[in-house]
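Each of the next two complexes has chain A plus one more chain, namely chain B in the first and chain C in the second.
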Partner chain A sequence: MSDGTKRLRNLLLTLGVGAIVAVALALVGGTGGAKLNDSLALFAIWGIAAVSLNLINGTTGILSLGHHGFMLVGGYVTALLILPEDARQRISSSARSEMTPFTLGLSVEGWFDALGLHVLTTPETLWVRFLIALFFGGLVAMAFGLIVGIPSLRLKGDYLAIVTFGFGEIIRLTASTSLFKPFTNGALGYSGVPSDFGKSLWWTFALLALTLFVMTKLKYSSHGRALQAIREDEIAAEAMGIGLARHKVMAFALSAFFAGVAGGLWVSYLSAARLDFFLFFLTFFFLVAISVGGTGSYTGVLLGVAVVVFVQQYGDPLERTYSLATWFGLIGVLILAAGIGAGLYRRDRRMRPVWHPLVLGLIGIGAATLLVAIVGQNWAMFDGTFQAFGMRRILLAVLLIVIMAVRPEGIMGRAEFSWAWLLRERKDQPSDEERAQDAWLSGSEMDKEKERARARSDDPLPRSLTEEESPGAHPLLERGTKPKSDGGRRRKRGDDEGSS
Partner chain B sequence: MAMLSVRHLNKSFGGLQAITNLSFDVEPGEIVSVIGPNGAGKTTLFNLITGVYTPSSGDVLLEDRSVVGKRPNEIVDLGIARTFQNLRLFTNLSVLDNVLIPQHHKLKLPWWKSVLRTPGYRRAEAEMHEKGLEKLAFFGPRLMSFRLHQPVYVLSYANRRRTEMARAMATEAKVLLLDEPSAGMNPKETKEITQIIRRMRDEAGYTILLVEHKMGLVGEISDRVVVLDYGRKIAEGSYEQVVNDPTVLEAYLGKRAADQDEGLDGPGGGAAGSDASAGDAGEERAPQ
Partner chain C sequence: MSKTAARASARRYPWGWILGLGIPLLVFVRIWYLVAVVGERELASFIGAALLSLQLGSLYALIALGYTMVYGIIRLINFAHGEVFMVGAFISYFLFTGAPFALPWALLWSIVVAWGVMFVLNLWRGRMADPVVLGGGAATLALLAVVLSTSPVNWLVAMLLSMLTTGVLGVLIDRIAYRPLRGAPRISLLITAIAVSFFLQNTGLIVFTRNQTPFRPGTAWTDFLQFDVAGGTVYTSRLVFLIPIVTAVLVVALTLFVTRTRLGKAMRASAQDAEVAQMMGVNVNRVIATTFLLGSMLAAAGGVLWGLNFGSLNQPAVMGILPGIKAFAAAVIGGIGSLPGAVLGGLLLGFLENFVTALFPRSGDFPGITEYKDTFAFALLIVVLLIRPSGIVGEDLSEKV
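Presenting the complex of A and B:
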C-alpha cells in the first residue's frame, strides 16, 4: 500500500470510529441515565484539561503544577460572560454582592445588544454566546499562561515546578482579594451558569476532539518535534537552533488556552463558579491521569482520565459505612493481593526465587487477616462501624505508587495509539535483505581480517574480541536487554506463556 | 576573510583560568584540529564558540561578525553547529526526527500552520525530509531504510556518533565543530569517519573545527593543528610541524616522542567509549 492510500484508510477508520462513538454518545445521552451522562461529560472536560497539561508535562517535559489556576481564570471569565440576566439581578440585589455595575455589565449578550445583533441575543442562540465566552475564557487564561511562562523560563526542573505551583495558588488566592472581587464576586462566586453545555456530551466531546486534534497534530509537526527535543535534552535542543524561550512560552500559552476552555466547561458542568471548585486536587487528578496513562502520550492520558473519572464517579461504595470486620477483611484482601502481585511481578521480571520469603510472608499475613475477619465476625473487637472518607483519592494515590513502581513510563509510555500500530505495520523492522546488508556493513570485512590474523598467529584471538565489534548491529539482539523497549518484554511474556 | 576567528579569548571559572589569550583563525573550507591533553580547554573552547559559555574577554567572529553574547540557538542560525563529546542525541526520538529537529530553526511558519498542515507547511516538511535523508546518506546506507524509524536508543555507539554528525550537518551551518567524532569507534570505523569528514569538506563545503585524540585521524585530515595546554595555545601549524615541536612533545607527548604516530588514544573518550578503545588496541596489535 502506498502512503497515500494508507493515509486515506486511516482517515476513513478514524471517521468510522468517530461515527460509532457519536452514535454511542447519542444513545447514552438519550437513555443512559443522568449519572452515566455526567460521568462521560466529566471525562471529556477533564480530558481536555489533562491533554492540555500533557502538552507541557509530557511533550515539552516541564513539570507544571499550576493548571488549576488557568482553569480558574477560564472558568470565571466564561461564567461572567455567559451569566444570564436573572442571575445578574440576583447578585446585584444581594447585600453581600462584591460586584460593580461595570463588571456586572460584562456579558456577551450585552455586547450583541449594543451592536444591534438581536438575532444573537435570543435563548436559541445561547450556544453562539457560550462559544464566544469560552473563547474569551481561553484567551484570558492564555494571557495568564504567558505571565506565568515568561518569568519561569530561567528556571528548570523542580524549581520551575514549584514556581508554577506557586502561581496556580496565587491566581486562586488573589481571585478573592479586593482587587479582583468585583470580577469574581469574592467567595460567593456566581450561580446560575447555564449547564446546557458542560453537561452536553456533544459539546464536551466535540471540544475534546478539537483539543486532541490540535495536540496530536502539533506533536507530530516540526514545532512538536522541537518541543520534544527540549524534553529530551535542553542543551542539545538549543545547540540545534531551537529557541528555548519561544517554544516553552508557546507550549505554556497553548496549554493555558485549552485549560481555560476546560475551565469554562467545568463551571457550566457545575452550573456555578466558586473558588473551591478550582483547588489543587484538579491538577493532582490530571497528573495522576498523565502518569497512569503515559507521559507524553495523548491517548494514554485519555486512558488515565478514564481511570480517574471512573474511580471518582463510581468509587462511592468505598466511602460508605461498613462494619469493622469488613474493613479488616478488606485489608487482608489488599495484603493478599499485594503478595500475589509481587510474586507475579517477580516472575515477569525473571527474579529468583519467584516466591521469596517476604512475598510468602505477605501472602500469609493477608490470608491470616482475611481468615480472622471471616471467622471472628462477631467478636467483640469488631464491634462498631467505620467510614473511610477520602478513600477514592487514597485509591488514586496508591494506583499512582503502583504504576510508578511497576511501569514508570505509564501504560502507553510515549507511544500513541495509531492504526498502523493496531494493524502491526512497523517501519522500524528490517526486511531480510536489509538485515543481510546491515550485517555486511557492520563487520564482515573485519571478520575477514580477523580470520587472516587468526590463521597467521598461533593462538587465536579471544572470542570476546571477535564478537565485540557488532554490538547493536541487529536491533533484535538488543531488544531483550533494553528496559525501554516494550516489544521485547511483551514478546518474552508471550514466550513464558507458550512454554508453561 | 577568515570563516571563524578567535581573538584573544579568555575564560575563567572562579580562580581557574580555563582559556588564556587564545587566538587563531579558520579559513573557509579548512579542517583545523584542536589537540591537547585532557583538561587543556578544548571542550571549553567549543562551549565558548557555540555560546554555551560567555567568554570573560575576547571575541569570536564568524565571517567578521561577533557571535559573543548570543544564545546558542542564535549562533546556530548564524552558521555554527556542533556535536558533543559525550553524545547528546534526542534518544527517545527516531533517527529521522533527530535530523529533522535541527532544521526547525529555518522553518519560519507559525505553529498553527503546522497544526493545520497547510500546503506551505507540507512543502517545508517534505523539503526537510529530503535534506535530512541527504545528510544521513553521507554515512552510507546504514542509517537509511528501517533505521530511520528506530529510536536512537537502540542504535550502536558508532551509529549514534554518525547520527549526531548528520544532525549537526542538518542545521545547514557553515562551520561544524566536531568534538571527538571518532571516540568509541574501531579502526575500520575511524577510517571511515576520516573519509566522511573529508567528504563533508570537499563535497558539502563545510568548514570544520575538530577536537580529537586519535593522532592518526588528526594527521590524516587536518590542514592545520592548534595545540592547547592549560588553556594556552602552545603551537600551531601543520601536523608535521606541530608534532615535532619540542614544546608540544614536552607538554603533550611527554618524553616518549617516538610513539607519536601510534594513535594516542587518550582516556578522554568517556565511559561508553572505553570498551571500544580497549578493542581498538587489540585490533591494532593483532596483524603485526
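Presenting the complex of A and C:
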C-alpha cells in the first residue's frame, strides 16, 4: 500500500469511527440514562482539561499543578458573560450580593443588544453567545497562563511545580478578596448558569475533538517537536537554537486557554460557579489521568480520564453504608491482597516469589481478619454500620502511587493510538517518503558499492553487531533493527535539576 | 553566567545590610506614623502582633524543619508533610479525649508505639535482636498498654505519644511510597508525594472526622494573659511562652542530634553526597528513615501546638494543606536544606503574616490586607525563588542536613 492510500484509509477509518461515536452519542443523549449522559459529558470536559494539562506536563515536561486556577478563571468569566437576565436580577436584588452594576452588566447578550444585533439575543442563539463567552473565558485564562509561565523561565522541576501550585492557590484565595468580589460575587458565586452546553454531549465532544485536533497537530509540528526537545534536555534544546522562554510561555498560555474553556464547560455542567468547585482535587484528577494513561500521549490521557471518570461516577458503591462486618472483611481482603502482591512482587534470582516471614505474617493477619468477619457476622461487636466518604479519592491516590512505582510512564507511554498499530502494520517496510529520504541521504556511489558487497556476503554476525561496526550502513538495512522512535518503554522522563 | 554575575553584584551592593537594616527601619517609621501621627493604634497592639507572629512563626518553623531535612537528603518536596502534621494533631486529640481506652485499642496503639521505640533504639544499637531494643520495645508495650487502658492522658503525654506514632507513620510512608522510587526522576517522586498527601487527606476524613474539631485539652497553658505596656494593654495567652519554648527545646535537641551523634554525622554526610556516604559505609536508607522519623515527630509536635493555639482543628482534608505549603515556603525562604534557615524562614513568615497585616489595618475605605494574608507565603516564595533561589541562608553558608 502506498502512502496515499494509507492516509486515505486512516482518514476514512477515523471518519467512520467518528460517525459511529456520533451515532452512539446521539443514542445516549436520546435514550441513555441521565447518569450515562452526565458521565460522558464529564469525560469530555475533564478530557479537555487533562489534554491541555498534558501539553505542559507531558509534552513540555514541566510539572504544573495550578490547572484548577486556570479553570477557575475561565469558568467564572464564562459564567459571568453568559448568566441569564433573571439570575442577574436575583443577584442584584440580594442583600448579600458583592457585585457592582458595572460587573453585573458584563454580558454577551448586553453587548449584542448594544450593537443592535437582536438576532443574536434570542434564546435560539444562546449557543453563539456561549461560544463567545467560552472564548473570552479561554482568553482571560490564557492571560493568567502567560503570567504563570513567566517563572518557568527561571525555575525548573519541583520548584516550578510548587510555584505553579502556589499560583493556582493564589488565584483561588484572591478571588474571594474585596478586590475581586465584584467579579466573583464572593463566596456566593453565581447560580443559574445555563447547563445546555456542559451537559450536551454534542458540544462537549465537539470541543474535545477540537482540543485533541489542535494538540495533536501541535505535537507533530515544529513547535511541538521543540517542546519535546525541551522535555528531553533543556540545554541541548537551547543549543539547537530553540527559544526556551518563548516555547515554555507559549505552552503555558495555550494550555491555560483550553483549561479556561474546560472551566467554562465545567461551570455550565454544574450550572453554578462557586470557589469550592475549583479546588486542587481537579488538578489531582488530571494528574492521575495523565500518569495512568501515559505522560505525553494524548490518546493515553483520554484513557486515563476514562478511568478517573469511571471511578468517580460509578464508584459510589464504595461510599455506601455497609455493616461493620463487611468493612472488617474488606480490610481483611485488602491486607491479604497487599501481602500476596508484596510476595509476588519480590522475586529471587530464578524469578520465584520470595515468601518473607513478614509477608507471610501479613497474609496471615489478612486471612484471620477475613475469617473473623465471615464467622462473626452476627457478633455484637459488628453491630452498626459505617459509611466511608472519600473512598473513591483514596482509590485514585493509591492507583497513582502504584502506577508511579510500577510503571511511571503510564499505560500508553508516549505512544499515540494509531490505525497502523491497531492493524498490526509492519514497520520494517519503508514508506515511499522514507525511501525518497533514504535515497537522498545515502552517500556516494562508493558507499552503495560497499553496501551491496555487504548484502551479498553472508554475514555470520548478528545485525546489531555489524551495525555498530559501521555506523554509516545504508539506512535501508538498518530499518529492521531501528529502535522505535517513541520513548514509551523508557523509564527516564525528562530528568531535571533544581533551580539552585 | 548569571550565577557569577549575581555573586559579583552581591559583592558590590551589600543587599543583606540594606534589607536587614532598611526593612526594620521602614517598619519602625510605619509604626511611629500609625501611633503618633494618625493616632489610630496603640503601641501595645503592635507588641501583641509581634508576640502572635513569634507564636505562629515558631509553628511554621517546626513544620519547616521536616521539609528542609527531607529535601536536604533525598531532594524531595515532601508534599505529604502537611498531612503528617494533620495526623499528628488528630492522634493527640484522640489520645487526650478518649484516654482510658478499651484494652484492644490500647494494645493496638501500644504495639504501634512500641514498634516506633524499637525502631529508634535500633538506629542506636544497630540490630533488632539486641537486648536493649527488644527490652525497650517490650517495656514500652507493657507500660503503654497499662497506662492507656487505665488512666486519662494529659496533653503533654499525648503530644509525646503522638510524636512517636506519627514518626512511625512518616517512616512507613517513606518505606511504602518513596523507597521504591529511589533513583527515579524527581518529578515522579513529587507526584507520588502528592498522591500520598491526597491519600492521607481522604483517609483522615474516614478515620478521624469530617468536621471541625474542638481541641481543648484543659490545660492552664491556654489561659488568657494580659499585661500593661506603653500605656496600653496587650491581650495574649500563656501559649506565647509555651510555643516558642517547646519549639526551641525541640530545635536544640535536633541540632544536638545532627551535630553530636554518629547518626547525625551520617545524615550530614548523606545530605552532601548520598552515594559517597553509602560507599563510606553509611546505611543511607536507614538515614532517610531517620530523617522521616524526626521530621514527622516535629510535625506532630507542631500539630499539637497548632491545636492548642487555635483551639480547634480544621477538617482533615484541608487542615494540612495551607500550613504545610506555608512551612515549605518558609523552608525555601530560609534556604532549603539548612536547619537554621528553616527556623529563620518560619519566624519571618510568621511576622510577615501577622505583623505586616497589623501595619496596614483597615481604615476608612481601605479594607486592610488581612484577607490577602494567605497569599503572602506564596508571593514571597515566588519572589525568593526568582531572585535568590538559595534562600536567606545561602547554600554555602549553611550546614546542610
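The rule is simple: the second predicted complex is superposed on the first by the 400 of 500 C-alpha atoms of A that agree within 3 Å, B and C clash if a C-alpha of one lies under 4 Å from a C-alpha of the other, contacts with A are read in each partner's own complex, and residues count from 1 in each chain.
One rule holds for everything that comes next: contacts are C-beta pairs under 8 Å (C-beta built on N, C-alpha and C of every residue); 3 or more make two chains touch, one makes a residue touch a chain.
Note that the coordinates shown come from a computational prediction; the quantities given were computed from them, not determined experimentally.
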Discussion item. Taking the superposition on A as described, I'd like to know which of chain B and chain C A:A405 touches: first, second, both or neither.
Written reply: second
Fill in: Partner chain(s) touched by A:I235 [first = chain B, second = chain C, both, neither]
first
Worksheet item: In the superposed arrangement, does A:G157 touch chain B (first), chain C (second), both or neither?
Response: second
Item to complete: Applying the touch criterion given at the start, work out whether A:L146 contacts chain B, chain C, both or neither, answering first, second, both or neither.
Response: neither
Discussion item. Tell me the contact category for A:R393 with respect to chain B and chain C: first, second, both or neither.
Written reply: second
Practice prompt. Classify the contacts of A:L254 with the two partner chains as first (chain B alone), second (chain C alone), both, or neither.
Written response: first
Item to complete: Quick one: classify A:S221 as touching chain B (first), chain C (second), both or neither.
Response: first
Practice prompt. Name, in rising order, each residue of chain A that touches chain B in their complex.
Written response: 214, 217-218, 221-226, 228-229, 232-233, 235-244, 250, 254, 414, 427-431, 434, 437-438, 441-443, 445-446, 449-450, 452-453, 456-457, 461, 465, 468-473, 475, 478-479, 482, 484-485
Worksheet entry | In the complex with chain A, residue positions of chain B that touch it | 50, 52, 71-74, 76-77, 81-82, 84, 88-94, 97, 100-107, 111, 114-117, 121, 124-125, 128, 140-142, 145-151, 153-157, 159, 167-168, 171, 186, 188, 275, 279, 282-283, 286-287
Worksheet entry | Interface residues, chain C side, partner chain A - complex | 75-77, 177, 180-181, 184-188, 190-192, 194-196, 198-199, 201-203, 205-206, 210, 317, 321, 325, 328-329, 332, 336, 367, 371-372, 374-375, 377-379, 381-382, 385-386, 389-390, 395
Item to complete: Flag every residue of chain A that touches chain C in the complex, lowest number first.
Response: 61, 63, 65, 151, 154-155, 157-159, 161-163, 165-167, 169-170, 173-174, 176-178, 280-281, 284, 287-288, 291, 388-391, 393-394, 396-398, 400-401, 404-405, 408, 491-496, 498-500
